[in-house]
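In structure tokens below, several structures.
First chain A sits with chain B, and in the next complex the same chain sits with chain C.
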Partner chain A sequence: MKSSHQPSQSWPLVAGLPGAQETIYSFFSPSFVTLSYFSFFFSLNPFSRFDYFKSLKMKLDTSGFETSMPMIGFGSSSDMLDGFSTVPSFDLPRTTDFDGFQKEAVQMVKPAKGTTTLAFIFKEGVMVAADSRASMGGYISSQSVKKIIEINPYMLGTMAGGAADCQFWHRNLGIKCRLHELANKRRISVSGASKLLANMLYSYRGMGLSVGTMIAGWDETGPGLYYVDNEGGRLKGDRFSVGSGSPYAYGVLDSGYKFDMTVAEASELARRSIYHATFRDGASGGVASVYHVGPKGWTKLSGDDVGELHYHYYPVAPATAEQVMEEAAAE
Partner chain B sequence: MARYDRAITVFSPDGHLFQVEYALEAVRKGNAAVGVRGTDTVVLAVEKKSTPKLQDSRSARKIVSLDNHIALACAGLKADARVLINKARIECQSHRLTLEDPVTVEYITRYIAGLQQKYTQSGGVRPFGLSTLIVGFDPYSRVPSLYQTDPSGTFSAWKANATGRNSNSIREFLEKNYKESSGPETIKLAIRALLEVVESGGKNIEVAVMTREETGLRQLEEAEIDAIVAEIEAEKAAAEAAKKGPPKDT
Partner chain C sequence: MSIFEYNGSAVVAMVGKNCFAIASDRRLGVQLQTIATDFKRISKIHDRVFIGLSGLATDVQTLYQRLVFRHKLYQLREERDMKPETFASLVSAILYEKRFGPYLCQPVIAGLGDDDKPFICTMDSIGAKELAKDFVVSGTASESLYGACEAMYKPDMEAEELFETISQALLSSVDRDCLSGWGGHVYVVTPTEVKERILKGRMD
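Up next, the complex of A and B:
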């Protein structure tokens, strides 16, 4: 069906913007493929040029987002996999040492997760807090990043690691949660949502994703908090802090934590923990946001600039006024 | 018409899927099965044809559990049932694994109905020849449910239903006599309904019960069933006597 004729003079047309001929062909693309089965003489120069153009496209396969027609007969295992998406495939780079290259690539992308996020369960629900600084090495690229992602009105996710990765996967998780709600006429549980995310991340293990997130929410069984990371790990817990500032945050959080706190006490504890982490950790700063997840969903409690918080906690004592030397009046 | 009922399920000119309709015929020839939903109990009762003396009756159970909180009874081709039940059991566990939650009754019913529908729209396969009655309690909320699926892949929830042989007469009886009930009353209603079409006696009926408090399916012993049947007979006799009028004094 495909002609083996490789027209080198068509290169400029293919590589740049499609010329008038290509545009016309691309509109009629499906019919041309079928026609070529029937009519041999159609495999002339113009058509082979079109095939060439197709082969340059990336073979990115998005079948993970569509449900495919299940195959009956041979694949009984395909029934089991109906609920899972397929892993997309992509072209491999041309190197002499692929394994070494892969390791290098992963190491380069693996950032230290420069941030501070924390979440803890207490009597009244879940408290979630985060800073808002984004850094690229030593450069502070933004002081106003939203690191607490609203997956749906009763579930929150925190962002640590690659901002794009976290944002995308949380949004993807939101889609899956919504589909679950529509299909099952009831909300997904926090453990179910975190499991979905962990399974997705596990299938991309080793491909350089950087996600260190906490999923916090309130479901039928009460408050829920899970830590999920790009290795595919998933932990259930009462208190978590993720990021480069987490050791400092843990120090303040662990020493001040009591299960029986009021919402006000818990939000103050969360805010203080973030402040102390931003004070000592260079990769954390900006605004300390605090959210509360209760039985009716989440609410944002506060968002305070950590610089101002510093003077709030450690007000500057007014210094004794110095003698102000006045300039001698000019004669 | 003959051209449209061969190997693949295709439409006939007047809009019928003959394979599906033939499958429903197979269901109508199967054993009678009754399901009743009470406020805190769900009951399944199935007609049991006399077991041959040498057969181990435990291997021929007609009411099976899909998970701790869900049970299924079916009418129709038993071999098809085995395949469908295995797939449903796998799905129950798979749901527990991915969602960390047991399935709801509606979810697993939708899955089974989806499977049955898939086989009416694929090449080279025939539909499953069975209708199922699925009972259970939802996890956490413990709301009781009864669902029915059929070979076409449709499903719906019921307060009480029957399938298989003479299901129409059983359903009529249930429509006349259904009341919201709980505990032993629900069991009695299910057995009474089945006795309309089945010879009375513990050895001709298989009954299984699930309650909100207990986990798991409880199969009633033959002796228990006999006792309830005796109760029912006594009630019937009393009702007959009352109809005939008080005995005349001589």
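Up next, the complex of A and C:
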């Protein structure tokens, strides 16, 4: 039913959401100005103990960003309390037909996930690989998109689905991880980081976000790999591939996988899987990037153009047809 | 995606000095999945007339077989090959016969007429002929092809230069299309010879 929404109401309403109440972490309510790659965040609680954040602020009117209900975590340590909400709040659009607008918003991103990304855990850490094509329907809009996002020096996220959604939420996750480090004087685990992202996405369920991402990193328990999607689903595993080219990548990955591989063998397997997916899938292509996450953080191993990789794996033999035609002409 | 984009295709024909070139991509796909990378879209009707068909692959093959049949009948009755202008009219009539249940393909016809004058034309799926003096395009990559051909085309090119131009136009256009590419197939036809070449392109 249509209802009139007050201009200052923010979404999602934190009260009453089961997912929000489970989160124990409390943070400053971050208000994001999503104009560019830089996000500034504000401490809206006047009783904040972290005064040095004030030095980062820009002079902006933040009245529209205030949350209606600050979130207090239950049973957590007092230095994390201070009554901050966990979810960034966005204003509702002022429309008469909010349901219709929502439907259009969902259709706009069209969760097609035309891409190929994969990640797997092996003896030496986590190998992460992706293609670099962005397509709009049948048109290739770019062959050089960065689909592996560097959340922080020891954690990577992959991008599948809507590019804007993935870039924004990964950046948001990076900020939350840094806040966790500052508040707890130690790095966040991969499990914790992926849980943060999953809970965030769950609260936007049904709004048309399109995110199919894998969080790969190395923490105290060793290598970690989680798959998180826009439904709020979160899966722990050793091998994942996401996107329209994933069936082809799985075929090559599953048949060549061994836990005891060296970094070189694993990177070749990852590169080959991406190559085969770009060959068969129309929505994947461009450059196959391969990253490795080890105990000291991630390193980029290779970024090979897939067009050249094809002739590297399958060199062209001279065709016999041309020779036949020359003989006929000589007669 | 529409039914014309189900298999994916790109066909282009260009006119040179007493010669013509016709080129196509080689991909056969089912929406985003690639099934084959050696699909023949350009077929010879006789030594001086070639037809390239873009669109639904099954109609490409069936329509080609019907046209070859009609041309063979013509050869038996008239004891000569069809002129390209006549052949274009034949294709247009056959397509319009199916006006209310059309063949889902767009042909590109290229041939050498009287006095070795090159002739090219394209049609929509119900037979509307469009003659051109320089180049014609069809397929899922047609918009990119228009741009590339417009930029690269010069009148009165010799056979070798024409080959280079049409190959570059084709490859750069299909590199912007998810549904076509995976190599190229080019025929350059002069009054004395037909040169068929396969292009090495990006296989993604």
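Note that in this section the second predicted complex is superposed on the first by the 210 of 331 C-alpha atoms of A that agree within 3 Å, B and C clash if a C-alpha of one lies under 4 Å from a C-alpha of the other, contacts with A are read in each partner's own complex, and residues count from 1 in each chain.
Keep in mind that, in the parts below, a contact is a pair of C-beta atoms (placed from the backbone, for glycine too) under 8 Å apart; a residue touches a chain by one contact, two chains touch by 3 or more.
Worth saying up front: this structure is predicted, and the values here are computed from it rather than measured.
By the touch criterion defined above, A:307 lies against chain C but remains apart from chain B after alignment on the C-alpha atoms of chain A. When the shared chain is aligned, chain B comes close enough to touch A:220, but chain C does not. Counting the residues of chain A touched by each of chain B and chain C gives the higher count for C.
Of the two partner chains placed by superposition, only chain C is touched by A:114; chain B is not. Contact with chain B, but none with chain C, is seen for A:185 once the two complexes are overlaid on the shared chain. By the touch criterion stated above, A:195 is placed in contact with chain B alone, chain C being left untouched. In the superposition on chain A, A:204 makes contact with neither chain B nor chain C. Within chain A, no residue touches chain B in one complex and chain C in the other. Chain C contributes residues 1, 5, 8, 29, 31-34, 140, 175-179, 193, 196, 198, 200-204 to its touches with chain A in the complex.
Within the complex, the chain A residues that touch chain B are 70, 72-73, 79-80, 83, 183-186, 188-189, 191-192, 195-196, 199, 220-221. By the touch rule above, chain A contacts chain C in their complex via residues 114, 131, 133, 135, 137-140, 143, 244, 278-286, 306-307, 310-311, 316, 319, 321, 325, 329.
Across the interface of their complex, chain A is touched by residues 87, 90, 94, 98-101, 104, 106-107, 110, 115, 118-119, 122-125, 140-141 of chain B.
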